[in-house]
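Here chain A shows up in two complexes: once beside chain B, once beside chain C.
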Partner chain A sequence: MTSDRAQLVNASLAARVAMPAPASARPGAQFAAGLLPVLPAVAFLLLFFVAPLVQNGAHSIWLPSPQGGRLSAAYYAKLFFDSYYLTVIGQTLLLSVIVTAICAVLGYPVAYFMVRHAGRWTGLIIFLLVAPLLTSIIMRTFGWSVILARNGVLNSTLLGLGFIERPLRLLQGPSSVIIGLVHVLVPFMVISIAAVLKGVDRRLEEAAQLLGAGRLRTFREVTLPLSLDGVATGSIVVFMLANGSFLTMLLLGGGSVVTLPLLIYQQFLLVQNLGFAAAMGNVLLALAVLSLFLQLRLIRRQGVHR
Partner chain B sequence: MNSCATKVSAETGIGLQLVQVSKSFGGVAALRPSSFSVPAGRMCALLGPSGCGKTTTLRIIAGFETPDAGRVVIAGQDRTDDPPQRRKLGMVFQNYSLFPHMTVEQNVAFGLRMARLPRAEIEARTHRMLDIVHLPQHGERYPNQLSGGQQQRVALARSLVTEPSMLLLDEPLGALDKNLREEMQFELRQLQREFGITTLLVTHDQEEALTMSDMIVVMNRGEILQVGTPTEVYERPRNRFVSEFLGTSNILTLIVTGRPDADTLRVRSAEASEGAEFCLPTSTTAEPGRAITVAIRPEHLHVVPLADRMPHGLTATVTGSVFRGASRVFQLRIPGFARPLFAYRQVTGPASATALPVGAPVSVSWTPGAMRVLDDE
Partner chain C sequence: MSETRVLRQVERRIPQALLLGYVLVFFVFLLAPIFFVVLVSFSDAAFITFPVTDFSLRWYYRLLEYTPLLASLWFSLKLAAASAILAAILGVPAALALARSTSRVADVVSTFLLAPLSIPMILLGVALLYYLSAMGLGLSFISLLIAHTVVSIPYVVRTVVAVYRSVGRDYEESAAILGASNRQIFTYITLPLIGSGIFSGMLFAILISLDNLSLSLFFGSAQTNTLPVVMLSYLQNQFDPAIAAIGSVQMAIAFVVLLMIERTVGLEYMSSPS
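Showing the complex of A and B:
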C-alpha cells in the first residue's frame, strides 16, 4: 500500500520533471547550468543542516555502552512515557501558545495604529519595536530584573499607589519568562500583521460602512478577517521562536519554567547525555513542524479566496 | 443659507441637493462652493477630468469627507452631519470593492445583515436581487472566480438590495473592456429606470455621461461649469472647456471687423493680423473690434470640393484624412488659423465617394445654428 503510493508519487514527480523536456534541445545541460548558481546554498545546507540532522537522528537511537553500544528507542520511550518529560513537553507548548496569544492581542492594535494613524511616525514605531532585538539578552534580562524585582520599579509603584499590599513575586517565575519572551517576540507579530493590514483596501471598509456597518462592525466583518493572514504568519513565527528559546527561561525563569530547549541545554552541556539531548531535539523539531502544518491548514482555510 | 436649506426640505421630488458645498485640502480648494440638485429618480452624471473635484463631491455625498461648508440633502433629509452608515446610500466603487472573503451571496446580503433583518427575508431578497442581475447560479462563488462584468453586477446587486434612497456610481465601467462597457451602460441605465432610483454617476468619460444620464454636471478645477441635459450641454456648451471636453470641438478665435447686416458678421482670425476677412452668418450682437470665440462640432462642418463651394464657405486645404468605417475624419487647414479644423463626414454610399485627397483645396461651411458663440473667459 505504502510502496504503491510511493511509486505513484514517484511516477507523477517523474512526469512533472520530464514534461518540459521536449521543449528544449539539451535538457540535461540546461538543468545543470541552472543548478550551478544554487550549488553554494545547497552545499551549505547539506553541510550545516542536513548532516547535523542525520547525525542527531543517529545519536538519538544509539545507546552507547562500554561494549560499543546498540540501537534503541529508549530515549524516545523515556520522553513519551515518563510523566516528568510529558509535563515538560506540555509546558513547552503551553508557554509558546500563551506567548503567541499575548503577542497577537498586544501586537494587533500596534500594527493597526502603525498602518492607519502613525503617518510619518511609522519609522519611529518600527525602530522602537526592533530595539529590543538589537539589545543583548543580558541587557534585556538585567532591565527586566530591575523592573520586576521585589523592590523593583513595578512593585514599588504598585505599592505606592496602594494597588497591592505586599510586593508581587514576579521575577524568577513564569510571569517574568512570559514578559521577557513577549518583549522580544512581539515585533515579529506587529510586522507580520502590519504587512497584511497595509494591503487591505480601504475602499472595502468604506463599502461596508455605506452598507450600514458601524466602525466596530466594519472592523469585525471586513478588516479583521482580511488581516487574519498576518496574524497567522506572525503566530507561526512567534510560536516557533518561543518554542525554541531557552536563554530567557534560563535567565528570567530561575528554574521555575522547565521547557524542552532548557532540558536539551542541560542534557547537552551539564549531563553530557548527547543521545538523550538529540532525541529531545528531534521531538521539539517534530512538534514545531506539526504546529506549523496545523497553522498553515488554518490559514489556507481562511485565505483561500484571494 | 438657512433659508436656502428650509426651502430645500420643503420641496418635493428632489433626490439630491447640494447647497453651497465646499471643501479644501491643506489650503487647496478641491471644491469651490457648489450647488446643484438632481430630480428624484433621475440619473445625473458628474463629468470632468481627473482632479476636477467630482470625486471629492462624491465622497462628501457618501459621507467619507466632511464639507467645510454647505449642506447635503438626500431624499429631502439633511444628511450633512450623518456618518456614511446612516445615509442609506448604495454605491458601486470603481474597482467594485467586493468583499474577497465572502461569497457572492454573502456580499449581496451584507447590507441586509447589517440592518439586522430576519434571516428568511435576507435570503429571499438576496436571491431576488441575484435574479435581477442575471446571476442566480453564482451565489456560492467568490468574487475572484467571476469575470469583471459579473463582479460589476454583484456590486450593483449589493448596492441596490438594501433599497437605498440614492445610488452612487464611481466610474463604474472604467475597468471593463469596450464591448462589455457599452452593454453594461444600457443594463445599468435600464436597472436605474426600473428601480426609479436617484443616481449620481461620476465619470471622466463624456460618452458615458452623454449616453447614460438625464442630466450632466460638468466640472473643472473644483467648479461647476455647466448643468443641463446631455443635448443642452453638448449643443450649447457655455464655455470653451465644456465645448472641448464634451466631444471634439473646433474653436475659432475671431475679431469682429464689421456688421454688413443684422444676420451677418464680418470677421477675421484673431491669431494673424493679415488673415483674410470672411462673413459669418450669425445673430450675435458683437461690436466691431471685439474678439469672439466660436465653437463648431466637426460633424456640423460641410466639406465640399472647392468647385462645389457654397456662399460663406471658407477656403481650406485637406492636410489629413482618416477612414473610420462609418465616417471619415478630415484635418483641414485654413489660412490665418494656427490650429487645424476637424470635420466628420458620414459615409453613406460607397466609401470612395466621400474621399478627398490630401492637399486638395476645399470649401468649408456651416449653418448658423451649428455655431456656438462661447462665453468670455
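Showing the complex of A and C:
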C-alpha cells in the first residue's frame, strides 16, 4: 500500500517533467472506447432477455402441427373474441385500476406527511416503507391469510368483542385480493409521490397563503396540481406491477379473481399450451411497454421542470 | 382576542393531528401481516389459531426435520450470491461507463439495461424456460443463474451509476493531473469511492433474487427448488406455522442485509423510481 502510494507520488513528479499527449485524438474513437465497457452487459441481455422474448413472440403466432406448422393469429383471436378470455383481460385491467386508485388515495397523505412533517423521522419512515418490500412476498401474503382466515386474527377479535356471532368469510374473494395487492404495492406509490413533492417550491404555497388562500385551498390549487406528476409516476408503476402479479390472486383469491398472469401460470402448470401462454404473455408485455413509454415521457417532462 | 387565537391555534393543529393519526394507522396496516406471521411462528399450536396462548420453538425445530425448506433456503442463498456476482461482473463496467457519459446512446443503453425491471416477470419466466430448454440447459442451476442475473443487472447498474455520479470527477481528475495512470486511478481512487455502491447493488440483487418466485417457478425440480417455490407448494398443501417460521428466518436475513445497505450507502438508492 505505502509503496504504491510512493509510486504514485513518483509518477506525479515524472508527469510534471513530461506531460504525455492525450491517448486518443479522434473523437469518434474516443466515444466508441468510452462505451466499450457496456458491451458484455448489453450482449448478455440481448442473448437472455431480448432473444427469449422474440422467440416467445414467434411462438404466439405459430400454430404447430405434425406437418410442421404455419403462421396464425388463432391464439390472439381466441384471446380477444372468446368471451371468457375477454372477461379475464377485463378483470386484469379493472383490478389493476382499482388497486392503483386505492394506492394513490392511501399513499398521498403518507407521502405528504413524510415530506412536510416528518423531519428527523424521515429516515424511519423510508425504512418502514422499504422493509416490507424486502420481506418475502409469500410471507406477506401468508400474513393476510393469517389475519383474514376463519379462525384468524380479525375474526377472533371480532368474536371476542362480541361484534359478530360467527366468523365472517373474509378470504378467497376479490376484496382480500385487493387488500393484499394494495399492501404490496402502496410503498411504491408513496415513494414516487414523495420524490415529486420534495421538489415542489414551498414559496409558491407561501405566496398563495399570503394572497389569502386558506390551507385547504392552497393545497387544492397549488400543492396538489404541482405534485400530480408524482401521482402519475406512482400510478404507472403500481398499475404495471399489479398487472404482472399472480401470487396474491393465487393465495388470497381462491379462484374468484382470474387474471392474465394467473392464467399463464395455470396454462403452464396444467395444460402446457405454449403458444397460448406466449400470446397472453405478449398482451401483458404490450401493457407493460405502453406503461413504460408513458413513464419515460413523464420523467422527461419532470427533467424539463427542474 | 386571545380566545380566538387559541381557537385558531387548535384549528391549525387538528389537520396535523389527523394526518399523524392516519399515518400511524397506515403503518399498522403495512406492518400487521409481518407482525402476525412472526407471532404465529412462535406458537405452540398444531395449526394457526388466535389468540396465541402458548409459545414455543417447535416450528423452528420442525424446519430442521422437514429438510426441503432449509435445503431450498441454502440453494436460494447460493443462487442469489452467484447471480449477484455475475451481475456485478457484467454490470459494474457498464455502470461506470454510463455514469460519466452524456451522449444519447448512453441514455438508450441505460434504459435498455434497466428494462428487465419493467416487464412482467412471469412472461420472462415462460419465455426463458423454453428458450433455455431449446439450448439444452433446461431445469438446471445454470438456467436459474441466467434468469436471476437478467433481473439482477438493473439493480447493480442503477445503484453503481447513482453512487458514481454522486461522487463527482474531482478526485479522479486530481489523480490524473498528479500523473496517475488509468489503472492507478481506477484501483486507488475510483474503486474505493464506489465500493460501497457495488456492495449495495449486489445486496439489493441478492434480496430480489431470494424473493423471486415468478422466474424460479418455471425452473423448479427436485434439484433446483428455490425457497419461494418450496414455500408456495408447502402453503398449497398445509396451513401450519412452519411456513411462518421459515418466513421469519428469511426476514431476519433480509433485515441484516437491509441494515448493511443502510450503513453503506443509504436506502434511498433502493427506492428511487428511475
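Here, the second predicted complex is superposed on the first by the 242 of 306 C-alpha atoms of A that agree within 3 Å, B and C clash if a C-alpha of one lies under 4 Å from a C-alpha of the other, contacts with A are read in each partner's own complex, and residues count from 1 in each chain.
Quick note on the criterion: a contact is a pair of C-beta atoms (placed from the backbone, for glycine too) under 8 Å apart; a residue touches a chain by one contact, two chains touch by 3 or more.
Quick caveat, the model's predicted, so the values are computed rather than measured.
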In the superposition, chain B vs chain C on chain A residues touched: C
Touching partner for A:Ile147 - first (chain B), second (chain C), both, neither: second
Partner chain in contact with A:Gln67 - chain B first, chain C second, else both or neither: neither
Touched partner set for A:Ser83, first chain B, second chain C, both or neither: neither
Residues of chain A touching chain B in the complex: 201, 203-204, 206-214, 217, 221-222, 225-226, 302-303, 305-306
Partner chain A, residues of chain B touching it in the complex: 62-64, 83-87, 89-91, 93, 95, 97, 99-101, 110-111, 114-115, 142-145, 158-159, 162
Residues of chain C touching chain A in the complex: 12, 15-16, 19-20, 22-23, 26-27, 29-37, 40, 48-51, 89-91, 93-94, 96-98, 100-101, 103, 105-106, 109, 111-113, 115-116, 118-124, 126-128, 130-132, 134, 146-147, 149-150, 153, 157, 175, 177-181, 184, 188, 207, 210-211, 213-214, 217-218, 227-228, 231-232, 235, 239, 243-244, 247-248, 250-251, 254-255, 257-258, 262, 267-268, 270-274
Sites on chain A touched by chain C in the complex: 4-5, 7-9, 11-16, 31, 34-38, 40-42, 44-45, 48-49, 51-53, 55-56, 59, 106, 109-110, 112-113, 117, 126-147, 149, 151-153, 156-157, 160, 183, 186-188, 191-192, 195, 215, 233-234, 237, 240, 243-244, 246-247, 251, 261, 264-265, 268, 274, 277-278, 281-282, 284-285, 288-289, 291-292, 295-296, 299
